[in-house]
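For reference, chains read A, B, C and D in written order, and residue numbers begin at 1 within each chain.
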């Protein structure tokens, strides 16, 4: 193959090799009835989006705490990295959607008292809106979620709650939620009951959710159970302060027999780590989008 | 698929040949009430500025004495160098703004008698105008200043007077202002009083300003004090006639415990030196724009 | 002269083709009084060993269970990998010593009953013999240990028992010994007493040894305590059957505040993984041999 | 030229391109009458030393405090770096001599009381011995001195005391001796008189020595005065604790009109910095050995 390509005239290769640019919009918004406000988002459209008539797979890419929907654009270099990965052929052209979860509330979750329903907003309003607005293949096999820190927690809970919606999930330097019920603290002023606390723990502790996956789903060869499984790519630096939860998730998944990729690279909880992770995430979800 | 692409990396040297271009405009202007005249400026817009909908960080890039806002464009090769750095991924896409301070007056300062207020113009009129005209992230974390010679002095004073506005400052072959009060000379015809002279010295001597930074700001871990700190990149050739001021600033900053980068490369006070400095400046400010 | 040479760098890709070779001997042996038999070993001598008159740092490289001193030579490609790393400058010339621990007994440990003393042999006979036979810098700062699986356990215990002898230790896909006393099983026929079992557990459980390191040694800035610390590089594949012990060592070291590098790459318990690990090990121990 | 070489048959280039190895001996010694003991040293002989019959220029390369003559061999990678520089043509083949000044006394100086005369040993015994033992061109034009930290001080004082002996001097991260007489402290038990202290200060303060160089030597065009000048390459990291002395030497030399190269790179007082400096040192002294 090498020889065949090497002997092609210089110009014939050119169309393949010209680096092309996708487009990023970082100041979009949509109204939410559930949250009673407008919510912002950013989107990356692949280089050929405007010239083609085809539809694309979608990656939801979630930001961390204290940041917003522009984080992956500005600090994460999503355009440069996606353009390059698509140009080099390690990633297939895809649409990348970055919602704003900078609300001062509990990240990507519904609150324990049910007075703030971000997760409901995401699945009932945001995802439908986005997948209607852009030419997105609205199907589990072409949908993935990834995110960092608080957005890593979002990736875990979205994919664990809705394995029928996501082919792959890539939590990076992820918060993994409370390890034990005792770790879960609410301010007295919030007025959360014990029942609500218990329900919140069950719903948002990643370790508890993993422990609750029925073995028959994991081992099953029935096609309908395949829809309940997600491909996992978990990555957390050896010097990250969230190292422990991710190491314990790795152990828990191994012990349950849940297939997953786990990486520990040299690094801390910062954008140097996440920019280096993004090309691997794009390559990993492309394996799903390509259906192997 | 993998095998088909396996032979590509070798060929991927070519895309560098068709790196995308930003745009430079070098004959823009705006009216100034403070200076009672129009002031010119030049701007560099990154390659994806027109096709994306996103906002960008900004670098103010200041020219030297006897030059004007076109210096970095013509002699500094700002477009070529920024395009290349962005294409290679060592710099994030940013807007570069080059104001004209070629006034025959005292560079980027307000005059001692207060009859010429360039610094006021910059902060009260120019910066607001530019940041309204272009899609600029108007926030300390996305704003930097750099400049050469007289513009190095401008970088020092702008960032020392307004650390809350700049994440990073990069004085190149910088004038550092008067070392001592005696060094500061005004022509008798200017009619500058002793009080005005003293105030001018305090305001524009870089060494004096560094000496005046309170230790508690430098050592503080309080978030509000972080806003008073700037990341510094100081670079001056070993054969530059301005070597001494820069070496003394290095010593003063070390002795005060002010973190900074200092470089002395082989060279004199010329554009060969500054063109070689610019890629490092773009990479250095990108570290801020990326939040590490 | 400059001009003549200016065209060379492009051509300088070629010297890699004629990188110089070290030498491997894989059938050496020495008599052991402690073990009452001859023990074999292999050695790698760097390319310049025979032509120079200098002395070298030493890396002890330990094989896994069921293998012997020829494993790193045949399967691990130690010569090819070390020659290349030294040629490229990522590793400093060093002597690599591979002892044979293929005894059908308990790896690199002394047995619980004290009737088989491999660890004693290593420190009292093997290391002195080797360091007298070759031009080795016999000093902690120039000595490191690495190994895979059972040899990873060997790396842990040698460096934990003798931090004064090793600058760095690199356990790869390491066995970490018994997690709990209950996990430690001896065959009834061995006749191991409870006291012997307890002593063996304390001596060879990596997690227990880490828990026993005094905090004052870890945090101390006293020079004599620095001699009690070792630089760690721990690497284990996400699909390795020994993943859990290594993840728990990572957590235990983080919680104790013991500095260490931890890597989890894609892979299982095989030579593909270890050959990919070896260049990183050589680079990591070179950092010690270079004193930063 | 490029084209001419590019079209040469592959094999014809080979003799030029095969990387060759020099030889290092790090355990040599010679008797000293002055110091009343044997003193060790290491030597690097260039790749063609044994096959040629020619003589070579010499670089004396001095270690820092707490280290010995093996430092540049083990930590400084002198063989790898010199082989590569010679192979690439950036350095001419030269002999590199590394004396051991690890004496627990005052580095490369004669002591204030005159009871320890290292500097005398170097010039009266060591240099003559080495230049008789190896095929060295014993002439100022082919002799240079470089060193780090305490060995940087050695480079300064050897070249300032004997400009007639050295073409070039390269102090790296250099100690520059006492800035003022007050900084110079002797233990009371040493019994140093005020006169001895004054003489020691005059002899070993780099700033004082520079201040004492007569202007007529610096500006002179007389051939005999050229023999009193040395080419200087001074390099010290911006985060090195010895930054100040080097910055002040730069200022002092500029103010006196003494030509010199000065570099400040990113770095601290460690071998990472010095290994990066060594190729530049070899290139710099080669300019002398080539006589431009």
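The criterion applied here is as follows: a contact is a pair of C-beta atoms (placed from the backbone, for glycine too) under 8 Å apart; a residue touches a chain by one contact, two chains touch by 3 or more.
These numbers were taken from a predicted model, which means no experiment stands behind them.
S.K.: Work out which chains are contact partners of both subunit B and subunit D.
M.R.: Both-contact set = empty.
S.K.: State the chain with the largest centre-to-centre distance from subunit D, centres being mean CA positions.
M.R.: Checked the centroid distances; the maximum from subunit D is A.
S.K.: What is the distance in Å between the mean C-alpha positions of subunit A and subunit D?
M.R.: 57
S.K.: With chain centres defined as C-alpha means, what is the inter-centre distance between subunit A and subunit C in Å?
M.R.: Centre-to-centre distance between subunit A and subunit C: 39 Å.
S.K.: CA centre of subunit A versus CA centre of subunit B: separation in Å?
M.R.: That gives a centre separation of 38 Å.
S.K.: With chain centres taken as the means of their Cα atoms, state the distance from subunit B to subunit C in Å.
M.R.: Taking the mean C-alpha position of each chain, the two centres sit 50 Å apart.
S.K.: Pull out every residue in subunit D that's touching 2 or more other chains.
M.R.: Counting only residues that touch two or more other chains, subunit D contributes none.
S.K.: Mapping chain-to-chain touches, which pattern fits: line, ring, star, complete or other?
M.R.: Per interface graph, the chains form a ring.
S.K.: For this structure, give each pair of chains that are touching.
M.R.: Every touching chain pair, ordered by label, is A-B, A-C, B-D, C-D.
S.K.: List the residues on subunit C that touch subunit A in their complex, please.
M.R.: So the residues of subunit C touching subunit A come out as 238, 243-244, 247-248, 250-251, 254, 260-266.
S.K.: Mind listing the subunit C positions that touch subunit D in their complex?
M.R.: Touch residues, subunit C against subunit D: 1, 3-12, 14-15, 18-20, 47-48, 51-55, 57, 86-87, 89, 92-93, 137, 142, 289-292.
S.K.: Which subunit A residues qualify as touching subunit B in the complex?
M.R.: The touching residues are 1-2, 5-6, 13-14, 17-19, 21, 23-28, 42, 70, 73-75, 77, 79-80, 84, 87-90, 270-272, 275, 290.
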